[in-house]
Structure formats: C-alpha cells, structure tokens
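When the chains are written out, they are named A, B, C and D in that same order, and each has its own residue count from 1.
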Amino acid sequence: MAGNSFGILFRITTFGESHGPAIGVVIDGVPPNLALSEADIQPELDRRKPGQSKITTQRKETDKAEILSGVFEGKTTGAPVAIVIRNEDVRSQDYENIKNVFRPGHADFTYLAKYGIRDYRGGGRSSGRETACRVAAGAIAKKILAKQKIRIIVYTLAVGDIYAKKIDYSAIEQNMVRTADAAVAEKMIAKIEEVRKNGDSIGGILQCEIKGIPAGLGDPSFDKLNARLAQALMSIATVKGIEFGEGFGAANMLGSQHNDPFVLKGGKAGVKTNHAGGILGGISTGEDINIRLALKPPSSIAQKQQTLNEDLEIVETQVKGRHDPCLCPRVVPVAEAMIALTLVDCLMIQNSLVP
Amino acid sequence: MAGNSFGILFRITTFGESHGPAIGVVIDGVPPNLALSEADIQPELDRRKPGQSKITTQRKETDKAEILSGVFEGKTTGAPVAIVIRNEDVRSQDYENIKNVFRPGHADFTYLAKYGIRDYRGGGRSSGRETACRVAAGAIAKKILAKQKIRIIVYTLAVGDIYAKKIDYSAIEQNMVRTADAAVAEKMIAKIEEVRKNGDSIGGILQCEIKGIPAGLGDPSFDKLNARLAQALMSIATVKGIEFGEGFGAANMLGSQHNDPFVLKGGKAGVKTNHAGGILGGISTGEDINIRLALKPPSSIAQKQQTLNEDLEIVETQVKGRHDPCLCPRVVPVAEAMIALTLVDCLMIQNSLVP
Amino acid sequence: MAGNSFGILFRITTFGESHGPAIGVVIDGVPPNLALSEADIQPELDRRKPGQSKITTQRKETDKAEILSGVFEGKTTGAPVAIVIRNEDVRSQDYENIKNVFRPGHADFTYLAKYGIRDYRGGGRSSGRETACRVAAGAIAKKILAKQKIRIIVYTLAVGDIYAKKIDYSAIEQNMVRTADAAVAEKMIAKIEEVRKNGDSIGGILQCEIKGIPAGLGDPSFDKLNARLAQALMSIATVKGIEFGEGFGAANMLGSQHNDPFVLKGGKAGVKTNHAGGILGGISTGEDINIRLALKPPSSIAQKQQTLNEDLEIVETQVKGRHDPCLCPRVVPVAEAMIALTLVDCLMIQNSLVP
Amino acid sequence: MAGNSFGILFRITTFGESHGPAIGVVIDGVPPNLALSEADIQPELDRRKPGQSKITTQRKETDKAEILSGVFEGKTTGAPVAIVIRNEDVRSQDYENIKNVFRPGHADFTYLAKYGIRDYRGGGRSSGRETACRVAAGAIAKKILAKQKIRIIVYTLAVGDIYAKKIDYSAIEQNMVRTADAAVAEKMIAKIEEVRKNGDSIGGILQCEIKGIPAGLGDPSFDKLNARLAQALMSIATVKGIEFGEGFGAANMLGSQHNDPFVLKGGKAGVKTNHAGGILGGISTGEDINIRLALKPPSSIAQKQQTLNEDLEIVETQVKGRHDPCLCPRVVPVAEAMIALTLVDCLMIQNSLVP
C-alpha cells in the first residue's frame, strides 16, 4: 500500500527506475486459460516506446518484455504474471550535472522531501518510464476485454490549441501524433516540431472512448466507475484534468438539458443523449463512456531555467537532449492501459456478486 | 471492497439509504486521545443539511449525529468510531408513482442493471444523503488536520456562467451559495431561484484550496496525492470534472510557461509560480493545492420528462418537490470532507515510513 | 486497516465497546436479492448471548439486532447491511474499582501500551462482546452458504481433560456445553460448575467441521484457505492454538502414512483418508475440512489475584461476578461465524475468476 | 488480492513457478535510507536453499538474488524493491511421467479444480520454491527489526518424536537440522536419514521465539498480532498446526494457573509467568512471543503410491529423486521471514498512529 499497486482483484504492482537495471510489473489475479505470450505484449509496448517517431524522445529502448511467470504452455495458469523489461540506453552520466538540482516541474524536490533520498538518474521512480509497466499489464487486460467485445479508443484531441475536427478512428494509428483527424495531424506535428526547436514543450488533450461496456460496472459510493477511472488516469503524471461526459461544460447546463432521457434502443433501454458520458450514479449505463484528459507540457525542456539546488543555491539548469516535446502520442497507450486495468477489475468484482 | 469504504489507514465505511431507518459511518484508524464529541460533528452536518436556506431542498432533516463507539470520557480510544444519523422526514409515498420509472440522470437504471433489485425510495443508496456520512467522518479528519495547521477552503466559484471575481474567504459562510465573492453571491442566488421557478436546475464549479500542507504527502505511481484526491472527489455523484493547478488550461501552455521554478521563500525552497497546483510527481510540494470541480445540474427537476419504466414503456415522469436547484452550496462541505479524509490518510501513511 | 475489518469482497467492519451505547457491524459486499430480516440473525445471536444457561455469564443482554440498512422489502439490495445491537445491562460501576488495574490475562495493559488511553469498562473494545457482531454478520454468510449446501458444524470436543467420545451432531444443541456426546455433556457441565464454585475458570477444545465445500476454494501463497481460516479463528481472543487435519499429530507421522491417496468416490476424485483435513496447497479438496481450536481458560475469575496498577503499585484484584467459567459453548457460534465469513469471501473470489 | 501479496504497509508480492524462468518478489513500502545490497539477502537464501546438507533435497540451485529496483548507491529509496532469482536446475522431464497424475498430498488436484489448468512441473506455483521469495523479502525485514533490537529465533524442536531437551540458541546454526540441542541433533539427523533410506519422509515441530518486541504491536479484532502471525505462518504449505504460549495445553488449564500476574521488572510492568506467550488481546505485551508450528511430513516420497490421474484412472506413482525427507531445517528461515515481515508491517502501522 505504498502506492505501487493498482486494482483489487486484478491487481498490478510495478517496480523499477528509469536508470536502474530493469523495470517490471507483477499482475496478480489474471484469470486462467488465457492464451498469452510476449507477442501479445510487445505491440503495445512498441506504441509507447521512445524513439518511435521524430516527435518523441530519441532515447533508445527496445522495451523488450520478458514474461517470467504465470504462463504455461502458452496459457495463463491463474498464478501471478511477472513481466520484466531491462533498461538499455542508460546514460546516467547525462544526469551528473543535475544530480542535486531541483528541476522545475519535476519530482526531484518532492521525492527528496518525502524520502530524504532520491535517485536523480532520469527521475528515478518518478520517471514516465514506469508507465511501460502499465502498458504491459494493460495488454493482458485488453485481451480479456476483447473477449467481452469491450473496446477502448484513445486519441489526441488537441495539441495546444489545435483541435481534431473530424473523428475517424481508423486514422489514429496512421499518424505519429495519434489524432483521429488525419488532416489536422500534420498541423499538430508541425506545432510540436516548432516547440521542440525552441527547446520547449507543449500540452494537449486526449479523448477516451469505451465502447461495448455492459451496464452495471462500478461500485457505489467511493468505488464509482468514474471515481476509479479518475484515480487510474490521474495517476499518469502528466494528467492535470479529467472530464466525464460534458465535464466542465455541465457546470453551465440546466438539468432539463443535461438529463438523458431513457429510450428504447433495439428493444433495450438506452439513452437518447449521452451527456452523462455512460455512467450514472457511478455505474455504467451500457452507453459509450467518454473521457477527456488534460496533459500538461512535459517538464523536461532544453531551454535554460533558473531554479534551486539541494543546498538552496540559485542555479541555472538545462535538461539535456532526448525528451518528448509533447506527450500526447505516447500517453495514448498508457491511458488505454489504465482504463483496461480498471475495467477488468470492475468486471471481476461484478462477477463475484453471484454467490 | 464493494465500494463503501474509503482510505487505507484512516478508513471510513458508510451505510444507509435515503429512506431507510438510518445512515451512518464507521471510521477505523482514528488516532487515540483526540477530544471528540457530537458537538464537533454537528456544525459540519448543519452546513450540509437540507432545508438550510431557500436555495436548497426543503426536505426537513435535523441530521443529528449520535456517536455509538470509539469515544471514552470525551476522547477517542483508537477503537472505531461509529456515527449514526436517523432518517426523519421519510416520505416514501412520494416515490410510489416513480417506483418503476428510470428517472433521467438518476441511478435507477444502473442500480437495477447491477443488482437486479433497487430501493426506489429517494434513490436509496445512490442518494446524495449518503454524503452526510462523509461530512460526519470528515469533521474528525478536520480536527486532526487542524492540529497540523492544515486548512481546507472550498467555495462556489461559478453557478452556471456567473463567476466569483473577487476571492474573499471570509465571505464564504456569509452567503447561502457559499461563494467567496459577496457581491456576486446575490446574482448567483437570483439565478438559482430563477431556474427553480422554471422547475429546472443548474450546475456550477467549486474551487478547493488546501493550505499549510507539508511537502512529502502522497505516494508514487498509483496513489499519487492528485490521483487519490481525484477518486475522493469524483466519488461525489454530482462531480463531472476535476482539475489540478492549471488543469485543462495546461493543455495549451508551453513547458517554459508551465514549469514552476524553485526559489527561496523564507529560507526554504518554494516555487515562484504554482501552475502545478501544489503537487509534483504526485507528492505535495508544500505550496497551496488548488483544485476545481465541475458540478452537473441536479437530475431531480420539477419539469415533466419523458423516459422509460422497468417494463420498457415510454412514460412521463415528474420528480416531486423538495429538491436542490443547484448543489454547489451543499457540496462545499462534502468536498472539504473528502479532501480532509484523504489528507489524514496520507499523513498517517507518511508517518508510518519512519521505521 | 486498523484491524476492525475482515474479508476482501464480503467484508465486515465491527465497532463498539462492551459498555458503550451499542455495538454493531457493517457488512459490505452482501449479494443482492437475498431474503433477510432480523429473524435470520436473532437465533444466532441467542446462541451466543450471555445468560443462556447456568454455565455462562449471568450478564443480561437481549442482544437484539436491528438492521439499519441494505434491506428493502425483505431482500438485500447489494448495499451495505448495517446491524446495531444496543448494550443494555451496562453496570460500569462494577469496573470502577479496577479502572487503573492491569487485570491478569486481560488486554488492559496492552491497550494502554498501544493507545495511551483505555476504556476500562468491561474491557472496552477488547471485550468478547465484540464477537456478537461477528455472529450477526455470520448469520448472513450462513444463509449464502446454505444455498450452496455448505454446512459448518462446531462443537465442544473437550472441557479441560474431559473429551467427547461419541460424535453425534444432533446432540450439540441439546446440551448447554454444546458437545457432540450427550453422555459426556453432564461431566463437562459438572466440571465447569466445579471450577466456577472455586472462583476459577477452565479451557477446552472446539472441533470444527465444514461439509459440502466445493473443491477449489482458497488462494495460493498467502491467502491459502487454511491461512485465512487461521487468521479468522485466531482473531477470537480466547483461541491459543489451531490445527488442520492431523495438526500436531502430523509432526510424528511418516509421509507414507500422512499422504491421502486419491480414489474414486461416486465417479469423482476423492481421498481415501483425509489426514490433510480437506485442504491441499491451501485450496479445498472437496472433502470435509477439519479444524481444532484450543481455548484458554477465561481470564476473568472470582479469585483474588495479585497484579499491578497503572501507577506500577502491587495491588490485589478480584473480578466481580457475571463471567464465563468456560467459553466453549459461547465460542461455538463465534467460530461458526468466522468460518462462514471466510468461506463466503472465498466463494466470491472464486466466482470472480471467470472473466 | 489473488493471494500472492502479504502485508498492508510493508507489502510483498511473490511470483514464479518451480520450473519457470525465475521466481521473485516485489517489496513495496520499504522505508528509505536503509543500507541494502544482495549481500544482505544471499546469506538468508543460502540457509533455505536446496542441497545445503545431506538431509535436504539434492536439487542444485544457487538461488542467487538480483535486486532490480529500489536501491540507489547502496541505500533504499522508498521505491519498491524487486528481487529476482533465476531457476537453474530445471529438470522438467522428471515430471513428464506424472504430468497428469494427482500425487497424494500435493496440490495437483486442487490447482486443477480451481483453475482448470495446472503447471505440473515440480508443483508449479504450489512448489515450496516460492518460499525463497519470502526469505529474500524477510532479509530486508530483519534488517529493519535489527535496528529496533527485535530478534527472531526459530529452531527445530522435534523431528517425529525426538525432542530437543536443552535449549541453546548458539547451537542452532551449528547442526544441519537446526535444532537448539546439539546432543539431540545427531539423533534427529539419524532419524531423517533412516526415513529417507526407506523412501519416506517425516514431520516435526518448530519453536519460534521473538525477543525485544515493544508492547503495543498488533491491532484489535481481526488483525490481532497472533491472528496475523497465524495467517503468515499457516501460509507455509507444510504447517498444519500453530500454538501461541501454552497453546493446546491451555485447554486443560485453570484460569488461576494460566493468568500471568503483572509484576515489576526493572522498573516497568512485566509478567511473572508468560503462559500467554507475549500477546494479550491480540497486542504484544513486550514479553517474549512463543509460537510452535507443526510440520507435516513432506508429500514427495520415493515409495510407490497408488492414486488417480486426471482421467480418473487408478495409477501407481513414484516421485523421483531429490526431495526433502524432513522440512524442519529449511522451513526455519522461512518461518523467521514470515514473522519478520509481519512485525515490520505492525511496527509501521503503529508508527502511523501518531497524527
């Protein structure tokens, strides 16, 4: 309960630092008899890995997953699945000059305040590299959801103030910024390149859509589906805001506008509109769940910045090379993973109810 | 783990339905030797209770707390503190005519989908009435935080599109909408009265500020302070969006703008700006934590609405009397409570680290 | 997580002190649509309540259960079920003279060491009275198990060195010591009366048998069925030892004697012998689970004892009236409850596995 | 929560199968600034490893621990510590002939019943090999306890009916059966050799003593120190019984005999006798905690046994080579580890109480 586990029945525990020997994840509660191999995991890791395009960090990591346990003759056994990813492109010397500096926007200061010690190499435990473990575990969760015909679609809705206008899911994996509007993708990429050349970075917005979810997932009170998804997604370091359905827009709506009347859809109860975003009282309605995430601009920028060091001296710092100018494309698979992990856990909890 | 508990070391479990005999909460993990009586809890409940002003529901509940355990001779003993609030103004007959109707925007449909049964009286377990339990428990958490000089301030920032402009904390409890701008309060109240007369409801935005928090609270990865607060606050049924620091504004900022440089403040490290909202890498910096919550318009409105009933027949429904036209003023103490509960838990976890 | 909750999916939280206003329990995770009323709970409480026979404490408590939540029109709704039992025969003045004394064998000293404060009235939170809450919750668990044809039988195997010789389940509830051997019951009762007259108390052994359990319950590694049952049963204050199957007898057996060969039983795999006691590798085999519990003699005795008080002065103490000379008969329903609570939780976890 | 984690604040998660690529453990909640390297862990693993003497299995495993995370420049950072141990002497072919056989006394049948699939190689997840992970994690726990002057001593009290008579802690690590009586050690070893030659195995009893523990550890109700230790120790597959203090002996004692009067000891309150075994009301008294564990004879024996296979055919089975004839010496470090893990968790929970 020191924060490195997520989930109740389908529960992951991640470990590892950016520049240590390896990172990894243990997934406990994987249902047995699920076909599983590294080939299921690697494509997801590849979508998150650094160096995948000109608009991501150029750190070189093959992010090769090795399954250490829980699979026998190609199937899960019910035992915990451990996955390890060795760190490769570990240039710790890049961090020597900032080892006692509190980089603006980073967790250097807060980790030191919390623990009285910190691994300064690439952010150590606070590095975004930890999210590779989530993606690896999420790949398993997605396999389970696929059997239930539940689909999770995440894409870049905006980079800075450049918004996708047309939503075409098939476009998402066809452009390096992972937006759903092929026409706008080029503008987003150009914007990202521009800020990168200025030694700067930029934020953006992700749109998440969950389709095919059955009604009834999520638990009352504190474990509402939206509450659990909020924790899951807000635990991605770069996320600063989250909205369900109309989100902040709902603050300026009337009840008569926002309420979604129930109507017949294919002989079943559905909603005419979906302002609520697929969740009522914390429980899924069966309609699409819609979420938006605000991503801050990455803190690592090439520009010189003034800040303090551990001796409380004013220093100038400059974060060297190899950083993401915009995190949108790489957070897409991470958000998918966190959603998938949450949904599998909710499904299993729901299954448990029949005594 | 069926969703009715919150917290790890300071852990509450709530129970009760809107129109059952009682609601209540058990708080396990209350540190011993804390002076505690009903007099500590009642004022907080009074801030949340119905009928407190003309712009809240006129349901009459004294919401009188009774402490059943955990206190001896005026002090906590380390044993669980149970608090029970009897339901009084229980007009279940008001709900007879909607007993098999899926009220738009309510959890009627989802609870039935989940459990195959539902207590239709006033929303049953999904009623906002459950939040009284959170407020009661939060009163204890606040006493603990007060000893550490940690303050939580929540106020109505907007009702619909009417925003507070001046922020004066002393004004908050002086106006019935609990905004920080006395001048704007009257406009907000007039707006609420107007929508109520139209048989409608309206949303709003709450601003939350946490002051005096030490650096180092929150845990890495999944239990980041913002992630835990996001779950805590999103578990309030009416909340549809949450932002930390710049929130969605960060999506259109550059790293060079958003990064908060560290500077000396009274001999200690602080930040020059606070775009991050007091949290870096999921751990508190010691600066103020700033959060905004989007509240949807209440689903219960007096206007006639078309919807379905359990037999999937199209019906017209009208929710009778006694509902809140805007939830902002009553959610203020609930949000404070959820923040307080989260912070005490984080404090206790941090204390545990010294072996 | 301050120790007053038990279970993962079917999770109870108990509260209350011996001489406070009330004791109670919240059960979260109760499956919906289970017929439930106080009439299901009261008979179990009556089996545990004080004053039920001449060999139990004469404290008068009707132990009347009131269900506060989670039941609607006679059925559970999936919401938490809260049950409260008001304390009635509260003679706190009986404890005035021992308020600062460390009674031998009681938790007076350890609670003070832990919390720096203690509720001295009747042991406060450490009182055996807390177990009434377990029995109330266990009554619900038993209803769930009954649907699965799972039966739990607990009886007094020994009082001191007087052992039941013949095992006849139908005899158990027919004698006040709850042993399975009607002929031996009188000797046990006589023994208990004798020690009581001497102002003393005596220990005993309970035998627990679980019948009709499906194969496959329990989880690997730390949540083995026997490990969870061990925690469950050892959490009853009076239990000092626990054995599964051959228990300590296994220490002096050979593998060739202890191993239970698998054989066909009604067309299914079963075991020829059952030395393992129905559990292999922490998971149920489907055979009867056999457990024995050692109960210490109750600490409250009428004899004068020398001990210390809080000022570390040597004092003579004498625990006044109304105590159990032997806890066997009253722990029988408590042990049944703890087993039932554990099994329902394991069943629900097992159900969750099918994704 | 699928059973492979243990602990609340100091929480371990183990993974791996006997004949998979590796086994390992993630320890979350390790306090920062603790000096730690593989050199702290290896000696403990060596005490547990196979092939350490003529009376243990001759499987060859170096059990070399590799720390993958959580340590920076020789100190823990507060991040999770992951330890991996590669499997080396993996002769899976030894298990080909028993791949569909339900070996008597093993978990073959129950794992298949639970999961519908099983890794038959060496017991897979149910193998005692998993305990190496506990020992590795326990080594860290012991370092933390050593700072608090808390010592855990475990030794073989009996092999079959041969009991240690003299208790000399310094003898324990000097004889291969790890008993505290050097004179009796030879008899025990001779007995073990004898049963091994007969293709059989034998059980035994371990004695556990915890010294230097502060008063106040453990939590009321369900998380009593003895209850948590009972789960911890009963989760070792070979343990069939557990006693605290007088254990089953208490069943035949009078209260006047069993009660431990409080007396002055070095100016502090202590107990004259220690029949309770160092725990009252589930909380440590500060006196030595005494526990006895009954170990069954190992199920793997060389003798031919009749049993069933998965097709429910009667078959003869013979477990090939390399097994432990008596588990006492190798379970000693495992029991120490489980006790250490429990105590560190309790210490951290106790620390959290001061708000």
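One rule holds in what follows: a contact is a pair of C-beta atoms (placed from the backbone, for glycine too) under 8 Å apart; a residue touches a chain by one contact, two chains touch by 3 or more.
No experiment lies behind these values; they were computed from the predicted model shown.
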Least hop count linking subunit B to subunit D through chains in contact: 1
For C-D, which listed pair, B-D, A-B or B-C, repeats its interface with over half of the contact pairs the same? A-B
By the contact definition above, name the pair with the higher C-beta contact count: A-D or A-C. A-D
Determine the centre-to-centre distance between subunit A and subunit B, using the mean Cα coordinates as centres, and give it in whole Å. 26
Centroid distance [mean C-alpha coordinates] between subunit D and subunit A, Å: 39
Whole-angstrom distance, CA centroid of subunit A to CA centroid of subunit C, is 46
Could you check subunit C for residues that touch two or more other chains and list them? 1-5, 8-9, 14, 32, 78-79, 111, 114-115, 125, 220, 349, 353
Spell out the part of subunit D that touches subunit B in their complex, as residue ranges. 1, 8-9, 31-32, 34, 78-79, 144, 147-148, 220, 344, 347-349, 351-355
Which bits of subunit C are touching subunit D when the two form their complex? 1-6, 8, 14, 102, 104-107, 109-111, 113-115, 123, 125-126, 130, 158, 160-161, 195, 199-205, 215-224, 226-228, 230-235, 237, 240-264, 267-269, 276-277, 279-286, 294-301, 303, 305-308, 312, 314, 349-350, 353
Using the touch rule from the top, collect the residues of subunit D that touch subunit A in their complex. 1-5, 8-9, 11, 13-17, 20-24, 26, 28-30, 32-33, 66-70, 72, 75-82, 84, 111, 114-119, 121, 124-125
